[in-house]
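One chain, chain A, appears in both complexes that follow, with chain B as partner in the first and chain C in the second.
On to the complex of A and B.
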């Protein structure tokens, strides 16, 4: 991503010089903001499920991987229009989320929290190897290349702009759903007190199902956006799964605003770190930053302690 | 009878390579022993509810520090392995201290350590100029092939005895922890941290002790694996899947019994081998597929694991021999 931008020499960028900023740095900063939108979307889904059901889906990134395969098959193999493919993909992963809840989480709701975590770890294993067995380990992509926007000598790809815009729209829609509808109010109420709300006439099982479906649908949306930029393979979840967990923990699990802010901080670190070194180093810096933050601001980390 | 059983079993295990020399089963046994030790190392802390998903990272550090020290510094594994243990334990302390100090427990701890193992994988991949990245890494062969100084042996028998000794040490540590004050302190902590602190347990220090111990043991397992296989790659010794594999094997075998992790290693490795032999390359992915489903089923229906449930059953039936 940034590597491809780096390959374009300064001369190709035209004579624009912004003076104060290094144009590469500015480009990396903008790409960081765009990446932040997608990461915020990822952390929103995980946070929603954690906040409401008090369960962490370790296999969240693997649901996204399946969604990306869904997009690949629908668009590239079956030639469905991309919008139709996206809608099917979002709904499909939403259904997967509900299935995950019914089959794995629901029987374990009374068990130790760590058992729920480990069970979704088993699902991670299962999904990864199911994808390996069914689709093989080759990298696949949509074969769709969106044009690149050139502004002031900077290159910003449309796929990133689109992903950012769609992620923001998704986040706003979820916000409206949570604050403006009866179901949304019930979801927020359950997140505040899991014991009392059933006594107030909220059907917690129904709310859990809706939340799982919503969390799955957000993973599906993320899949549609990520597949525009990245190749899909069975282990693609491992490349952004850990970073999503870090973001959620740094922003306090279950805290939407915290997750949102942390997503942008992490995205900038990854993007700017990846500018000077390899992309992997961006992740390494992000993790180092995370550890430092844990020493410095634990209270900002852990608003809701277990 | 029950008291002499471990000794009889031990003697039989030591005598085995002298009477039975077929290399392939011996190789499988060595692999089982090394992984049993790694799983035992995880369960040393895992049994107190300290679920770490970062042990893949510690194992990777153990393997890579030993191999890198040998190849670049020409440092014998006899020094390299202690260095690796220090590195693994040090990283564990660095990450675990703020976690424990600021009461990051349960979910949060698992997530932080999960990220840790992911990051170790990324670092190994990122420093590909030195570590070979995802293509893997091979410690240089010592001139003659076998050397005590380089800790490289061509005889499977030697490796079997080394792995057996390390595995036995792992079990010994498990029992020492089981009989120590640390165990009672940690059990109190896992029940209720505040109550434990109120009774005078230094929560942070006790948790830190067991975590560093467990991480250093896991690093040793990684170093041993590296020295035996003479080939390591980020996917086989580090990362999230290795961490989850450890948790899975321990949960299947039984998390609260000393031989549980070993039983888990036997079951998982034999299963993978049987699948590999009977299906060949078509089996790629199938072993993990079965693992995943079994892990979920075990946690839902048999959370005490196979050995744990059997022992429970025996106790309930009243069929105790001692």
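On to the complex of A and C.
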């Protein structure tokens, strides 16, 4: 009784000291960081593909959409345990990434960049339409309600915390792969000098396949995390795709560190901007910021000087 | 060890090599000299599989290199230090060396081979955490040669190792070629620096406009008029 009374008075005092306005701001900042983790994961997959294969997967967010449907069917319809569903989803989208490379990208590797863009853009519309035909346009979700955490008068949802933690784990795993293994070192090397890879004994085609699988698996992981927070529908990719591209461009395409930093900058603008007006205004600010930055630093935040 | 027979090669419709035959025997150091644009670099690229000949044969220790996938040629013991070094500039020295030891056979020996390279180039040990692109030209050349040695090759192809280096460093590079040879490695070296390379090799070929113009021991070539003719056109 005394203890609980003490806790309440503490929380009231805390609220009083910070001021209700500041609590909201802090909450927005924290939510921005949590969103930034997921956006960083999204940009990492795209940057990896671009850095290594020199091709932009315009349909990246549509792979995420398929992964979200995968989670929906496995968990909600077939009642698979959520962890099993997540693993299948990550591996499945990884396989889709490999297929995308083999069927669409590999035949076009020598083609003009515009042709590659149009081809992956075509895959985007193909996947959207196929999803509409197969799954219908209804919004679907896992029907899973994760609790909301209340600390010091702030509300932070568990699904966001979970998404942030899993995204960070994914990013760290990719970092370890890139820095500690021979394959990872070759993935970094191939982004710097493609032509001499045979002299190192590296089969570039194999590295491309591994990278495509990895990029797909990251999209699969993102799908598992996003489906906790958002409904899935055939056009859900439009909510993540454009912003992922902007983040990658702002952080200088192909630059992992730049993409990571830009993800948090964008997420904070969205989250804090959305606090003062509506959430949609957060996106307006973020895109306006991007346009201004393209005038100021057209090569992105983290361009490499050579 | 390495034998090129009647090689024709080029880039698209441009032909750079015409009916070139060349042989490197076990334990030898062989030079290829010739003026700019003679096809020296193309010759090296053909030998290491970076480009495929349009006709002719390449055999390394009884293995047909033309029929071998380019990335498998390293595994046969051929290491190529390409023109202008071609390090991975935004990777550390040690990561560059790691790439040199990428082939499966070299991986278990990585630590040992790293010590061999650091023994040859103590400077690389000091700079092992530095980005390769931030080093001086001489250090980068050491790193490029070190990278090639990481696969423990039988045959080392050196393409213009002295290009862009100060005279004192050029001396060091040729000195190094002698030391590498002493370790039992066979070397094929392409150079513009005629006088110095002829002092470092046993035999040499003179390449001009994509054709072999003269061949012989280093002493013979130094004494003959063919070099002066090739360079000065008299």
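Keep this in mind: the second predicted complex is superposed on the first by the 277 of 306 C-alpha atoms of A that agree within 3 Å, B and C clash if a C-alpha of one lies under 4 Å from a C-alpha of the other, contacts with A are read in each partner's own complex, and residues count from 1 in each chain.
Quick note on the criterion: a contact is a pair of C-beta atoms (placed from the backbone, for glycine too) under 8 Å apart; a residue touches a chain by one contact, two chains touch by 3 or more.
Not measured: the values here are computed from a predicted model.
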| item | value |
| --- | --- |
| Which of chain B and chain C A:126 touches, first, second, both or neither | first |
| First, second, both or neither for A:248, with chain B first and chain C second | first |
| Touching partner for A:238 - first (chain B), second (chain C), both, neither | first |
| When both partners are placed on the shared chain, which of chain B and chain C touches more of chain A | B |
| Partner chain(s) touched by A:185 [first = chain B, second = chain C, both, neither] | second |
| Which superposed partner A:290 touches (first chain B, second chain C, both, neither) | first |
| Contacts on chain A seen with chain B and repeated with chain C across the two complexes | 306 |
| Footprint of chain B on chain A - complex, ascending | 50, 56, 58, 104, 107-108, 111-115, 117-119, 121-130, 132-133, 137, 234, 238, 241-243, 245-246, 248-249, 253, 277-278, 280-281, 283-284, 287, 290-291, 294-295, 298, 301-302, 305-306 |
| Chain A - residues contacting chain C, complex | 182, 185-186, 188-189, 192-193, 195-204, 304, 306 |
| Of chain B, residues touching chain A in the complex | 49, 51, 53, 94-95, 98-99, 101-108, 110-112, 114-119, 121-123, 125-126, 239-241, 244, 247-248, 251, 284-289, 291-296, 299-300, 303 |
| Contacting residues of chain C [partner chain A, same complex] | 48-50, 69-75, 79-80, 82, 86, 88-91, 95, 98-100, 102-103, 107, 133, 151 |
